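Worksheet: the structure to be examined is printed underneath.
When the chains are written out, they are named A, B, C, D, E, F, G and H in that same order, and each has its own residue count from 1.
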């Protein structure tokens, strides 16, 4: 298992949907857990240890509001930790973003954009990190980028026909 | 010992100065520790346990940036936890405020104003909580309020003479 | 009666629903009132006095916009006052949050997260404060935390089966 | 006495300096008091009554942080109340601005710009209000505007000579 | 005619509905115009002059986004000008609020809360200003306040029966 | 071809609808492309060159989130570049606005309001720029302004009949 | 005269220093005036007309706080108007930025970055606009860009020697 | 060479000082360049290619304002890119933070905290990423964490002696 994904609440499941699809597309194995820095701290610490023992190389933590999950994972491992802030019903996600990104000196969290976009990018960044050891992923990442650019060109043509 | 005060960095010592003076004025015993949710998590968890065993009734946590200290203490005790966000060199303290106050359902942090004002008020709120069991503190709190109102009146007269 | 809950408008009734359920679950008696710092100040001051005479130990004030209710209660009692900011139709609740939390030195308000989450946590913090005098509440609070952690684990399994 | 100015703290004295000068220039009588919605509520209520009896027609309230002073004055009088938010050491004055301006339906506060500019404008708005009954003030206000426009033209020439 | 209300767009008509009802309830005559500081500046300047000639004593300007309408009216009259910022589809109304309230020294705008609440309060503030010359309005304003407080008490009872 | 419009995503097509209508109304020729600073950088650079060769005089770039499209176009041409920030699902468009407007010294982007309004104004500003060389556009622009003012007056009458 | 620069206050003179130097370097003639949308509206309207008669092709307006200057100029001309928001002592310039950029449909303001950077870029954008009619400016603009890139490379070498 | 650090301006040199010290302490080789996404785009693209050829595994980009540097690097490589937003003279760094973190789906930037703290953490995250292939770095990272925790404990004792 290469990647552990922790989501702070089962309501964040929709947020990671695209991320899971990307990991499957790149054939990178992962584990998914619901766990909270505040509501299940013991479980969180145990999961970090368990997944490290399973050989996980990158952690992804997804949380909203006073989003401490990524920071607390980062405090308990020296593996790279990617944080995805999630917008909740108020404050437009600024709370989760600042709680995730403003880590103190010594304990970095690689913070992504808010919500689904950020979760998808967390999967891609994890793959980019793993690609340092696995050159087959480099090839796939380049193909992914090319496909993305091709799709944009296709959409451009479609829109020009409509205008 | 009644109150444990955790500051996330020794640079926050100035922030709690007035708070310590208030606790001394009210003759409420306290312990002061520098500890970080991210940079010394094991120490933080041990301190929570140690202070609970010393009979501490209220925790005060003071931290800046992605201020997780109060939240992490609150996740490990059912004693009331008071959080004081501290302004750092950027973002005007909004990061610390939102990281402290936006706790998820189930784990409250009693959040105070930013900085020195908030730290002083954390001391007063802790005393107000302790006063539920110790009526001598009620008397002192009322005297504190009266003194405060009298000082305002005195300052008003001073300013009127200047104008 | 142990707790007084003041809501600034009858439209905030939905915001405190979970809070009331928690208080009932913990068998903590409470009174609920609609009252406004600005639109019914005399009533607010009378209610503070009345509830203090009924033996209330903690006040909870729930309000939106220029949310002064918690502050004005705190100015008239030395009992702990918990403030719950409520998001209104504009400014994402930042107005209520800052109006509640940025209290001056001398008069603390224990500020919770915005909205329903914050109201539920206000109930829990009030219970945590009362538990200093009533150890049966300590047991219940620990059970509540354990149940919460167990629910997270159960949800995690459910999601893993879906993925 | 026509105008009552309440400042929430003696440290706001500098903020109202230009405002006092304007009132003197327009020969409008005023009273100045330090009083706080939270730290001296009884004094604040008494001052509102006292100044109403002295025939005051407009109240000006100047406060920072969770600036409730203007709102609390407005809740106790039907005279026009002008609020001046003051920037404190954090949050750039956004706390005071939102606490002052976001009043609920039924109790308006005429909110000015932050700080010294706002205080000066509070004095001018108070004079504009009084000018409805005193046409000599209309003349002076128009002269003030003309002088202001003339000063801008003079400054423009000065700068053109420098460039 | 006592009050002129300018709205920056016909889409703001809903925003002033309660305000118009209040003015009718208090039997204060008013004129309502759609006009824009940017899209119909000449019309705006003409309307200011026309309404001043009709004896208008207070101007109310309602606008969103870079809300300059109140400021531009204030620049062309020494009558009191009340500004109501309106939330548009982005930025939560912060743009309109800051554009309205942060006026330079010399030209005040009495800024109200965002949206419908602010518009209703603009009507009430205008009446409070007019009441300096018309004591019958003072009586009505006090009755309005009493009715408001009574309604809150009634709502409180209703909610207590539901709980 | 006079104007090139780049949109960062096909989902921004709705945002530029009014802009395209304005360009057609003014009979100014334009090209429309979907292209991204990040997801199709090579395509973006090629398009800038291609459109410069086609004689384009003004570029318009429309993008959301970390909106770099306008900046990156501006870095590769000395033609005027107009940037339109688009609000996405979080942060109220503040991310796109700041990413577009806060360009470093040396490479300006003419930033418009958020969303559809900004896109329509981008078209108008582009026409205003082109009008420096084509006086027929000046006449049309003045007519556009007059029509706009007339519409406001018409709407005002309609609303007065309803009130 | 090609460009008119209006600054809202003589205190903004420092803000436009680099902008003036750039215009001199490019040998583009300009006029500089202090004038305010609110404090000298008549003067502002007269200056717009005067400078249009002098053949000015682009207006630059520099202002802080509720920065209406650029918007008000844009409302009175169909020439391109560039707005430079200036940070004042509070709110970090967000007030000036939003007041300048969030213009309604029909009246665009080409908004630059805050402060000195924005003013310098306003000068460059004005030159870019003028370059549509004057190809000698295109050459100079390209040289300016090349010099800028060369300076960066030189600074990079200097820093590498220090490290 | 393992790591390439690009700073958007030579004024950001102070920001990366601690980061460089950390890389030296961990004996990780790096290159440092001043280059700008907007002011030297060609140089930036060339440097990305050059450093990729030198075997660089992680890019770090440090920039302020509309901070596009990290995003533009990320658009041209599939190596992990770490972005460090830098606070400039206005907007408290919110502009740089949002411009860096809110990347679109497909092109992640691992965003760090603002300023010096973020730069130091960028160095540590880069080392954490490299440690996936070099277990000697894992040992050093764990020692770094232990030293950090020990320092906190030592500072705590020092402060307790002072109190």
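Here, a contact is a pair of C-beta atoms (placed from the backbone, for glycine too) under 8 Å apart; a residue touches a chain by one contact, two chains touch by 3 or more.
Just so you know, these numbers come straight off a predicted model, no measurement behind them.
Chemist: Quick one: which chains contact chain D and chain E both?
Modeler: For chain D paired with chain E, the chains in contact with each are C, G, in label order.
Chemist: Going by the stated contact rule, which chains contact chain B and chain H alike?
Modeler: A
Chemist: Can we say the copies chain G and chain H touch using the same residue numbers, with more than half in common, or are the two sides different?
Modeler: Different: when the shared numbers are divided by all numbers used, the fraction is under half.
Chemist: Using the average of all C-alpha atoms in each chain as its centre, how far is it in Å between chain D and chain G?
Modeler: The mean C-alpha positions of chain D and chain G differ by 34 Å.
Chemist: Between chain B and chain C, tell me the centre distance in angstrom, where each centre is the average of that chain's C-alpha atoms.
Modeler: Distance between chain centres, rounded to whole Å: 19 Å.
Chemist: Taking the mean of the C-alpha atoms as each chain's centre, how many Å separate chain C from chain G?
Modeler: From the centre of chain C to the centre of chain G is 51 Å.
Chemist: How far is the middle of chain F from the middle of chain H, if each middle is the mean of its Cα atoms, in Å?
Modeler: A distance of 34 Å separates the two centres.
Chemist: Send over the residues of chain A in touch with two or more other chains.
Modeler: 36, 39, 65-66, 91-92, 94, 97, 101-104, 106-107, 113-114, 117, 145, 148
Chemist: Where do chains touch, given as pairs?
Modeler: Chain-chain contacts present: A-B, A-C, A-F, A-H, B-C, B-D, B-H, C-D, C-E, D-E, D-G, E-F, E-G, F-G, F-H, G-H.
Chemist: Would you tell me which residues of chain G are touching chain F in their complex?
Modeler: 18, 57, 78-80, 82, 97, 101-108, 110-114, 116-117, 120-122, 124-125, 128-133, 138, 141-142, 144-145, 148
Chemist: Going by the contact rule set out above, which residues of chain A touch chain B in the complex?
Modeler: Residue list for chain A touching chain B: 8-9, 36-39, 41, 65-66, 68, 71-72, 74-76, 88, 91, 94-96, 98-104, 106-107.
Chemist: In the complex of these two chains, what residues of chain E are touching chain C?
Modeler: 87, 92-94, 97, 113-115, 117, 145, 148-149, 152-153, 155-156, 158-160, 162-163
Chemist: What does chain B use to touch chain H in their complex?
Modeler: Residues in contact with chain H: 7, 10, 13, 20, 32-36, 39-40, 42-43, 65-66, 89-92.
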